[in-house]
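Let me give you the structure first, and then I'll get to my questions.
Should a chain be cited, it is by its letter among A, B, C and D, assigned in written order, with residues numbered from 1 in that chain.
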Amino acid sequence: MRLLLTATGALALSLSPVHAQNFDDPEEFAKQQEQLQAEPNGPEGEPWLQYIGDGMVETADLGVEAPATVCFSNAGVNNPWRVVGFTNMTEELANHDSIEDFVHVDAEGSDDKQIADIDDLLAGGDCDVMIVSPNTTAALTPAVERACEAMPVIVFDRGVNTDCPVTFVHPVGGYGFGIQGAEFVASELDEGADVLMLRILPGVDVLETRYSAGRRILEEAGMNIVGAEFTDGDNAKTKSIVEDYLMRGNIDAVWMDAGATAVAAIEAFEDSGYEIPVFVGEDQQDFLRKWQEEDMTAIAPTYPTYQWRTAIIAAARVIEGEALPGPEWVLPQPAITQENLSDYINPAMPPLHYAMCGCDDMEGYPEAWGGE
Amino acid sequence: MTDQSAAPDRKRRRLPQINPVWVLLAVLIAGIVYMNPGFAEPTGYMNFLKRAAPLAILAAGQVYVITSGGFDLSVGSLITLVVVGASMLTNNDPSATYWVIPLMLAMGLGVGAVNGAIVCFLRVPSLIATLGTMITLNGLAFLWSGGAPRGYLPDTFRFFGRELIRDVPLVRFIPVSVIVLIVVVGLFAWLMHRTNLGRMVHAIGDNPVAARLAGVPVNRVRISAFMLSGLSGAIAGILLGGFAGVSTDVGAGYELEAITAAVLGGAQLLGGRGSVPAALGGALALTAIFTLLNFLGLPQPVRQVVQGLILIAAVALAMHRRKRTGT
Amino acid sequence: MSAADTPAPTRAGFRFERWAPLILLAGAFAIYVIVAVATDQTQYLTLENLIAILARSIALGITAIGQTFVILVASIDLSVASLISATAVLASVVMDGSPAMILPAILAALLLGGLVGLANGLVVSGLKVNPLIATLGMSLIIQGCLSAFVSNFAGSVPPAFQVFAYGEIGMVPVALIFLALLAVTAWGVLRFTKFGSDIYAVGGNEEAARFAGIKTGRIVVASHVICSVCASIAGLYLASRLRSGAPWIGADGVYDLESIAVVVIGGTVLAGGRGGVWGTMAGMLIFSLIDSVFNIAGVDSFAKQVLRGIIIVAAVAFYAIRSKRIVA
Amino acid sequence: MTAPVIEMQGITKTFPGVRALSEVSFDVRPGEVQALVGENGAGKSTLIKILSGVYHADAGEVRMGGEPVHFAHPVESLRAGIAVIYQEFSLLPERSVAQNLFLGREPRGRFGLIDERRMHDETRKVLDLFATGGRIDPGRAVGTLDVATQQMVEIAKAVSHDARVIVMDEPTAALNDAECEELFTTVDRLRERGVAIIYITHRMREIARLADRVTVLKDGEVAARFDAVPEPGEIVHAMVGRDIADFYAPPATEAEIGDPVLTVTGGGNAHLHGIDMSVRAGEIVGLAGIQGAGRVALAMALFGQEPFETGEVTLAGERVSFRTPREAIEAGIGLLPGDRKSEGLVLMQSVRDNGMLTPRAFAPLWSSHKRTAQADLARIDELLDRMEIRAASYDQDIRALSGGNQQKAIVARWLSMRPKLLIFIEPTRGIDVNAKAGIYHLMRDLARGGAGILMISSDLPEVIGAADRILVMQEGRIAAEFPHGPTERDIMHAATGETEVAA
């Protein structure tokens, strides 16, 4: 035992100066703050086709001809956000005759497996275009680079550390998400108000940036951050944590880096007999409905699932040889507010349906998304 | 090894007969109260019991399987399946609760029966058998719901995990889940320590060959043990779903916590010894450890380290005591 | 030994257990071919593809080789997944992009593995703690220590070290050659050394082994050290493959339970004393083939899980159902 | 006369409550076979375990080649050249013959690897000592060999250690006649090579055939020492040393024996062929035979553990066929297993729980553990009292009791079920001499109470003394039947199918 402790001690020493990725990058923060304000190009009301910035890439010379096979290496469908997104994607396919075949392989949340999946697709998939939703950025970079050598690649959600893909589809980003929520809290409350920050788990890039941006704004506004706790995305744990904080003191606002457990957090206030404070949630139906039912003061920043549609659209443009926004296709990232709340509520949809799916007009809606 | 040696042995054993898990629990509770006097208020300890209830019920079920000589790794996934399934079936209809809850309990029993049957008839060791069902049930929960919860649980369903009974003398209020805890653990304790089933479970875990030759219906008893564990999983699922609503990973990790709780309570891995009240003590102690670490402001990683150390220490201590008393 | 009073008919030369992993492997391969042909995707039947399948589960294979040793001595190791994460992070942090640090990083990783194995072995053989609990506890401790210091990819692996995961000699990946060498070495150790013979003796009948003068405690400790060192090699491989180490990669790959499943499907019995490395390699290939079949057939990822659970149980039942022993 | 290679002097060993050995002196010389005889529980095993370092003597001295030695561990004695072949083999069934022979001391070749060829060659060399050893393939897994061949391997293992002293504990128990003869030849060869052999046996003809000297132990003391092999009667007298009539309960009278409770006609399965037999109420039937003759297989077939596949069984006149022990018990059969620890007891449970095990097994699972249709706690206590079980409390773990008391607790389990037929397998194995008589009288009481008793025993004097009728099995068949009181010779004759008896 002692040996082990010494070993881990040594590990600790060797690690302390490292801390690799920087999730509090002022430059990126400023860029995303700006993008939130920017007027997107493209057709209004169809945010999945819109883009921020002017960069375009030509695809005619990529040599793909319709009809073609699109292969998709998916990090996983291991959470409701990805489930909604993947449904968007498969439904979008129906709109594109140029995509003859769609091959989907699922890495079930493992980097190692996703690398192997991409290798499999390259070895025998007969793919013409590949879409990759990387499980993690750094780990998948080499695999994506190899795929780039064989065919055009489109990456979305998380990026990769290479510019070889035709384009990288993503909304504004994590800083933007954090900014929207925290600015709302700051505008609703006075200086010195008590804010509880609830986070899913450490280390996930898209979540870390939300937190760092949120914290920066809250601190700048002079809020008193009573705590920042990890909930593991677990309802029961979320509820327990909030109950414990309520036993110990006051809470004026709850900021969350993702909304899946927002309703559990709200219930903790209800069950303990407290007023529901200012809330930052996300675009899940259950939160939006609770918000409306309880007449809460709240905001729902989003990380729109319509980007999964955009990935297919980008692939279709590659096949058809049309130009598309690139090398980054930055999608707008609207937040749901009191004003437009009722537009997004649909009682027919399941509780963890992400309202900002851009899917309401699609053919299979709502059944394909689990609605009634 | 003979009669004469037994007499002094008995005298020596009278004193430390109290299960160390209760000492541990008392120390932890004292620590929590010291850190946070509010814990001694009904809100404090009732919340604590409410939170510990699902784990305590699971541990009470797990102790049957452990005492019979096996493991049940499938309960975590079963919880998820129960919560997801209940949300699919009730479909926001409050009146559906009355048939969905019995159905879920039956499903727990059914899953246990399948586990037991795989072990008894296919002769797959329970570690592998329940690992298989763990993966399968998790997949089923996702397959059934399509990967994300499809519905809400009506308040009638959530009553057991969420509501309080107010205006109770002495303690002001009692969460319904604490009543469920008392009833279920009481029932499991009675079955284990006051019925033939309990003695048979001990016998097949101690020496299955001898039990079979003595006429014990080994398969029936083993399957019963797995069914009780499955039932405890279903009940824990109903409480967890009630407490916090639907999600697709409610049960993750509960199987190992349940085994840890049972082991803390002195249940002997590979069978022959186990106590339901002590498993309850183990579950409460484990929850108390987590609560204490939370109050101390220690982060999740420290919780893991402490849990690991306690697990090893508890079993090492038990082995040491067993060696010393020569039994 | 009243069982000895039952006249034992001398068993025939064909021993089912020896061939069962091969039968299962052949079955899995047949299914692969059938699915590829049936879905008209014969491009999956090229040599290149078969090599890709072989190389699919290298980290699992390396871990499972180590796991074979501990299961052969009737122990088990649930701490491999956490250890994989820890060594991957340690290696990538020590290297931190510098080729000069490759060797120190490898040594540090192997040392960490050795120490963890030593601790596991001593707790199991010295304190007599049930190995399941001992290594589960160790797993929590490692994971806790690790996440206390890192929460994301930390450090980076220089390109020179990425050869381990991405290099190829001819058509064959370097890592696959390494795995094959490791398997041959492990087989050689088990087959031709006194240590290997002792492992089978300790797992088969600890009492008899002790009477023969074998220091059984040392054998158990040594097996745990081998298992943990294999896990740390798997960690190094993953660091090379992912270009960095993160504290979740072991847990994400479920290497603890999967490596046990692979070993058991390969015909090594949990009670110890019977089995071997080639069975484990067959088990690993069966897992790879199942994955590939799922990919080719486009099986829904949730249905995959359901099938995988059933396959594990069915494969083990394939051996176990013939035994007359009462299991628990 | 050569000097003794082993001298044991004044060896005393006390286990809590039992004086196992008292002032025992014993020696063995190179190139001789020293027979060590005595009843079960006389102290033979304890003496050997002290010699080999498993136990430590409380008093006395062991000398090897004149020098005092202290073996802390069996490995030390083995290294010093003392090899013990126990009845329970310590072979690894999954490993080859050669691997088993050289377990823990494999010959090394290049790079420290096991020199497999040398190992096989040496194995072959050792096996060649045996007349039929040449037929054994050194590479074959031991588990695939039959019991007799495994025995050969066990002996070969001792020989391969270059042992100066080899202890054989009833080595012929599992062998047929031809195999026995082969073993004797091997022993002769070992003797010629100057090996000292301590040969433990019950069988007079083996003593006559092999022994140079004989030491008789009784109740932990040396009862007699013979420098030449005496008449068998002398040995037996020294061994038993008491009035047999009193030790064993008197046999049943004609009047006590009733109708058959059990009949088997043409019973057979993989291990048994054409079994025809009956057991009558009030009768104790002894079942004798060498190890592997199928006695236990017969018991397990009657008990439903490994059922008959052919033939017909009736119990109390009704035709029955059992697929599980549970069905057999339900119909009125009880069985006391031969290996108490691994087949009889639930060691972590209390004495009372062990006694209640079977009654509880037949009560509804959810009903109270204190009362069943057949018994309640008070009745079990009464039964335990009646059998004079010595325990501090019936709540204590049964593992703390002596073998005899443990055996009685198992009997209590069956008494409350009131079985029509009780099968006892090796009922007095590992039980001290005084407790044995208690078990014999208990069996007789049960028979007088109307049950049929089938007793399987490897202890010939026990079978002869306790049974009213004796069936002898050989190779899965019933080879002979004797009324009360045959000689050991008669039984061995029938059990081995030989025509000539050396003693």
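Note that a residue touches a chain if its C-beta (ideal position, glycine included) is under 8 Å from a C-beta of that chain, and two chains touch if they have at least 3 such contacts.
Not measured: the values here are computed from a predicted model.
Engineer: What is the set of chains touching both chain C and chain D?
Structural biologist: B
Engineer: How many hops, at fewest, get you from chain A to chain D via touching chains?
Structural biologist: Minimum step count, chain A to chain D: 2.
Engineer: So which one's got more C-beta contacts, A-B or B-D?
Structural biologist: B-D
Engineer: Which chain's mean C-alpha position is the greatest distance from chain A's?
Structural biologist: Looking at centroid distances, D is the chain farthest away.
Engineer: Need the CA-centroid distance for the pair chain A / chain C, whole Å please.
Structural biologist: Each chain reduced to its C-alpha mean, chain A and chain C end up 35 Å apart.
Engineer: From the mean C-alpha coordinate of chain B to that of chain D, what's the distance rounded to whole Å?
Structural biologist: 45
Engineer: What is the distance, in whole Å, between the centres of chain B and chain C, each centre taken as the mean of its C-alpha atoms?
Structural biologist: Going by mean C-alpha positions, chain B sits 30 Å from chain C.
Engineer: At least two partner chains per residue is the criterion; list those residues in chain C.
Structural biologist: 123, 138, 141, 145-148, 302, 304
Engineer: Name the residues of chain A that each touch 2 or more other chains.
Structural biologist: 77
Engineer: Could you check chain B for residues that touch two or more other chains and list them?
Structural biologist: In chain B, the residues touching two or more other chains are 146-147, 209, 212, 299-300.
Engineer: Taking the top-of-page definition of touch, could you list the pairs of chains it picks out?
Structural biologist: A-B, A-C, B-C, B-D, C-D
Engineer: Could you list, by residue number, the parts of chain A that touch chain B in their complex?
Structural biologist: 77-80, 82-84, 230, 233-236, 238-240, 243-244, 247-248, 260-261, 263-264, 267, 271, 286, 350-353, 370
Engineer: Could you list, by residue number, the parts of chain D that touch chain C in their complex?
Structural biologist: By the definition above, chain D touches chain C via 74-75, 78-79, 87-95, 99, 103-106, 108, 112-114, 116, 141, 143-147, 174, 270-271, 291-297, 300, 306, 337-339, 343, 425-426, 475-476.
Engineer: Under the touch definition given earlier, write down the residues of chain D that touch chain B in their complex.
Structural biologist: Those in contact with chain B are residues 15-18, 303, 305, 324-326, 329-330, 335, 337, 342-349, 353, 356-358, 360-369, 372, 390-393, 396-397, 399-402, 405, 413.
Engineer: Any idea which chain C residues touch chain D in the complex?
Structural biologist: For this pair, the touching residues of chain C are 1-11, 13, 15, 188, 192-194, 196-198, 200-201, 204-205, 207-214, 273-274.
Engineer: Within their complex, state which residues of chain C touch chain A.
Structural biologist: Within the complex, chain C contacts chain A at residues 41, 43-44, 46, 48-49, 52-53, 55-57, 59, 86, 89-90, 93-94, 96, 111-112, 115-116, 118-119, 123, 138, 141-142, 145-156, 162, 166, 238, 241-244, 246-249, 252-253, 291-292, 295, 298, 301-302, 304.
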